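To keep things clear, I will list the structure first and then write my remarks on it.
Chain IDs A, B, C and D follow the sequence of writing; residue 1 opens each chain.
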Amino acid sequence: MVEASWRYVLEWMQMPLEGHLHGIRKIIYSGKTKFQQVDIVDSYSFGKCLFLDGKLQSSEYDEWIYHESLVHPAMVTHPNPRNVVIIGGGEGATAREVLRYPTVERVVMVDIDGELVELCRSYMPEWNMGVFDDPRFELVISEGRSFIEESREVFDVAILDLTDPIPGTPSVFLYTKEFYELIKRKLSSNGVMVTQATSLRYSFETFAKIRNAVAAAFPLARPYTAPVVSFLSFCGFVIGSMGRDPLSLSSEDINARLKTLRGELQFYSECTHRFLFQLPRKFREALDAIKEVPTDSNPAFIPL
Amino acid sequence: MVEASWRYVLEWMQMPLEGHLHGIRKIIYSGKTKFQQVDIVDSYSFGKCLFLDGKLQSSEYDEWIYHESLVHPAMVTHPNPRNVVIIGGGEGATAREVLRYPTVERVVMVDIDGELVELCRSYMPEWNMGVFDDPRFELVISEGRSFIEESREVFDVAILDLTDPIPGTPSVFLYTKEFYELIKRKLSSNGVMVTQATSLRYSFETFAKIRNAVAAAFPLARPYTAPVVSFLSFCGFVIGSMGRDPLSLSSEDINARLKTLRGELQFYSECTHRFLFQLPRKFREALDAIKEVPTDSNPAFIPL
Amino acid sequence: MVEASWRYVLEWMQMPLEGHLHGIRKIIYSGKTKFQQVDIVDSYSFGKCLFLDGKLQSSEYDEWIYHESLVHPAMVTHPNPRNVVIIGGGEGATAREVLRYPTVERVVMVDIDGELVELCRSYMPEWNMGVFDDPRFELVISEGRSFIEESREVFDVAILDLTDPIPGTPSVFLYTKEFYELIKRKLSSNGVMVTQATSLRYSFETFAKIRNAVAAAFPLARPYTAPVVSFLSFCGFVIGSMGRDPLSLSSEDINARLKTLRGELQFYSECTHRFLFQLPRKFREALDAIKEVPTDSNPAFIPL
Amino acid sequence: MVEASWRYVLEWMQMPLEGHLHGIRKIIYSGKTKFQQVDIVDSYSFGKCLFLDGKLQSSEYDEWIYHESLVHPAMVTHPNPRNVVIIGGGEGATAREVLRYPTVERVVMVDIDGELVELCRSYMPEWNMGVFDDPRFELVISEGRSFIEESREVFDVAILDLTDPIPGTPSVFLYTKEFYELIKRKLSSNGVMVTQATSLRYSFETFAKIRNAVAAAFPLARPYTAPVVSFLSFCGFVIGSMGRDPLSLSSEDINARLKTLRGELQFYSECTHRFLFQLPRKFREALDAIKEVPTDSNPAFIPL
């Protein structure tokens, strides 16, 4: 053993039934914003990591798997995305992926927690890669739902990069049928929406319900998953589309789009695209067995 | 919280830097064989799990991802596998996947630990699904390398489903150039070999070295990885082939072969096949930077 | 490091705020009785240990500190104990200490959990040292309170060696004013009662309330504490006396009594006696600030 | 449960066999000095705590048990202490106890780690209670052994409040016969020395060896122990005396001395004095069975 460790984040995946013990090489930042406890640490497990209220949000080791999987399936599903809105996304990595598209003229990122965004900007430059200085990028510090309600813009793609719907947090009302309908009204005719949809392992029911809410609001809803080992699970996502179906994109379509991108992707490819949407039959059947649709009066939560 | 827990397996991924705390619902079996400590438990994390010397080997939750990824890429690379040898594979799940192929006439599974095989047979029927009773299946309790040395059979496919090369364990000499050359001599003309090759995250160098040893012995070596979240990592694998290249199989070829299989696969598909062999550029480059070839006199180990 | 470990009891002292991680050398017994989960393990921390529902009850390392501190202050306070009742005390070690007194003619031990007593008898002989075969010893499997209610015996000393008053468990009603009054009615004129009274560190309020309940029922109540490091705390006790005051025993009195005992004590002595009853002023004041008296309709609990 | 926690110090008592998981309410300071990693945290277990290199040194909950037990037995053994030297003692609490004696004219505290002393002064005022401003107090930042070698002073009492003899740390040579002989030469005729002597539970052999080294250097050596639950053990100490025997002090002597002290003690008393020196026979016998005397060429270590 090369180094001793005794400072840990013990991340409860399900308290007290399963935990992930991350040895800490260095505490980079630890403090509270108005909204949440923020710990940015250099861990022995996944390198630099962001924890919010004790839950790992994103790690140097595989944030690119998460962020590429969140952004590109939706972006390539839209034929010509110019105006993109991101709700959440404090680390700046979601914007980083969006700004790779030369068609994009404007990205507005709406995060509720301005202090967190500043911390990410200062302490996590590997994530945002300078996007805060891109002239196409605008940061708005605001609660996401009211921003959407009040916005007079039309967006081509909306990306919901949110914390999980933990009871009592503002995220809860960003996973309901009503919210997805609100988004739909602000999208252009080929508009596409994507949301992170919690964990296949810890909150499968929540994933299914989010799928149902998107399906209730959009003509087309497609669930998919990506292996994010720092989350100890496949992560769920759901696309809602007013136009094209991500399942009907041809390999040529996808490859042609990817060729136009600035920089090099690490994970997402035409082959990955097809892999992400392929759910084992047992999961597909389990998904279809859950019928509940989360609404503002009966929202979905992750189990605690 | 629905249930209390206080009995845990604390699986050290890297002691004491990273651990995975598995709450235990029920201890199904706990004891020592001549070779290793065996714990079969019902965990809150991954359901029924097999731990050998404190390391998770296989979990009800995702053993099928591991076993399908180990077996099928090699099996479909061989045009017509009839005679298959498995080294290790105590749970019986590797044999289960092999026996899905109607072309297979004989599977011999060679495990060093007869007590372990009996325990798996008794306590883990979900893994072996009755393969021990299949007339095509033969179990040999023996050290794998000496079995191969002494065998007069010719095999079409050899599958190495081994514990990691931990210093001081017999597995160490099942990951060397000399061993792979020995296997090659027992393979038929289109022969294919595959080995599990440890973890992309915890032992990337070991993965690279195993790739190098296979490449030194076989005309063609192809590394690939699969996401096994219960291992908290992508798991590495390496195929050595004397004939076809797994990368040049057409979608039609793979689909045609999969149609002949008995039962339904959960994870592996034509699309998965291509995904598994797709390594991010940064990993490919890191792999290529490691030149060492493990030999009997200088074997590879996993870091402890 | 000489040995590896990965099986643990993680004993939550206060979940999830403080835990004690006990590496397990060997699981001696693990199972459920009608009343509780029983784990008897050989730990790296304290040698052989008994856990009930995940809480350490008694360890080879320092059970003698606990049991000598529970039994002897009460026994020497009574001038001539002949008939002794123990409620709880499944391990047999409380009876072991009582039977050292040559004046004792009869010990009746009343434990609710006959299976547990059998397990202790089989697997923990170091605790009971053969007391189950002593002709003066009688075992009754029964709920303690109803035993006392129905008993027609008169006892000189009553020793309450109980699990903590955890909400929902039968122990709760063995820590109330009404129960102590019931006991008092079954004691002889110089009768003495002692109860374990939870932890000075984790449940100081509960300790204070138990003191108050004893004080409400008995002419004299004396709290004291003993350092039981395997409990990570000083353990609380309360004596209720109808006759002598443990604080007024002279050194000569105590030494004279101890000389008559069979076997050798390890911890308790005349000097220890005085030490146990000496509480730091800040704890005495904190104790006196708590006025609540637990009753059957408003019992005391330990915090969870 | 009132509060969540996910940041922990996992204090390895014996890695990986026993650990103590301290939930952290607040990180007060975390950083490295030239000599050690310093973590001052507000824990759920013991309130404010000082950890050096991951080992708890002192906690708000029971530092007074440790410091009163370290200081007063030696101080009352000397009939008239005026000049006192402390080696180590960075928190200032050892000096605090010494300065209670009105006979004391000068206390010099010699700590190797000036940064640590400053941190304690800033962040742990409850420990030092203003001693750094007492005109009788002098702080010297220096390695303790060379200070003693070069000092031309004569001391009445020397108090060694050191970190444990961990291989490779400067403390190792502060637990040898040669060092104790050096101290003896700087003491006045009734001079008394006391050293902390590690843990009765984790390093009993080390405790015995330190006793032997003191006995080899001083006319009289007396081991004793005190229950420090935050150390999960009784803590060992050894007095070396050139004059009076702490065991022969009368109750009247001790009480008379304690009456002269400024402020009120919480733990130490005449009764406590006698209790501390009372070792169970099995420990006394085990102590006497260990004959090794640590020297500069063959020092004692704590097991890791």
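One rule holds for everything that comes next: a residue touches a chain if its C-beta (ideal position, glycine included) is under 8 Å from a C-beta of that chain, and two chains touch if they have at least 3 such contacts.
Since the structure is predicted, the reported quantities are computational estimates derived from the model, not experimental observations.
> By label order, what chains touch chain A and chain B together?
Of all the chains present, those in contact with both chain A and chain B are C, D.
> What is the touch distance from chain B to chain C, in steps?
Minimum number of steps from chain B to chain C: 1.
> Chain C-chain D contact: same residues or different, taking over half shared as same?
same
> Using the touch rule from the top, work out which pair, A-D or B-D, shares more C-beta pairs.
If we tally the C-beta pairs in contact for A-D and B-D, the bigger total goes to A-D.
> Can you report the angle of the rotation that maps chain A onto chain C, using C-alpha atoms only, to the nearest 5 degrees?
Between chain A and chain C the superposing rotation measures out at 180 degrees.
> I'd like to verify one number: the distance from the centre of chain B to the centre of chain D, where each centre is the average of its C-alpha atoms, in whole angstrom.
Centre-to-centre distance between chain B and chain D: 55 Å.
> Please tell me the distance, in whole Å, between the geometric centres of chain C and chain D computed from their C-alpha atoms.
33
> Using mean CA coordinates as chain centres, what's the gap between chain A and chain D in Å?
Taking the average C-alpha coordinate of chain A and of chain D, the gap between them is 53 Å.
> What are the residues of chain D that contact at least two other chains?
Each of 4-6, 10, 12, 15-16, 21 in chain D touches at least two other chains.
> Would you mind writing out the residues of chain B in touch with chain C in their complex?
Those in contact with chain C are residues 4-12, 21, 27, 30, 39, 51, 53-54.
> So in the complex, which bits of chain A are touching chain C?
For this pair, the touching residues of chain A are 10, 12, 15-16.
> Per the contact definition, I'd like the list of chain B residues that touch chain A in the complex.
Its residues touching chain A are 1, 3-6, 10, 13-23, 43-45, 61, 201, 227, 229, 232-234, 264, 266-267, 269, 271-272, 274-275, 278, 280-282, 304.
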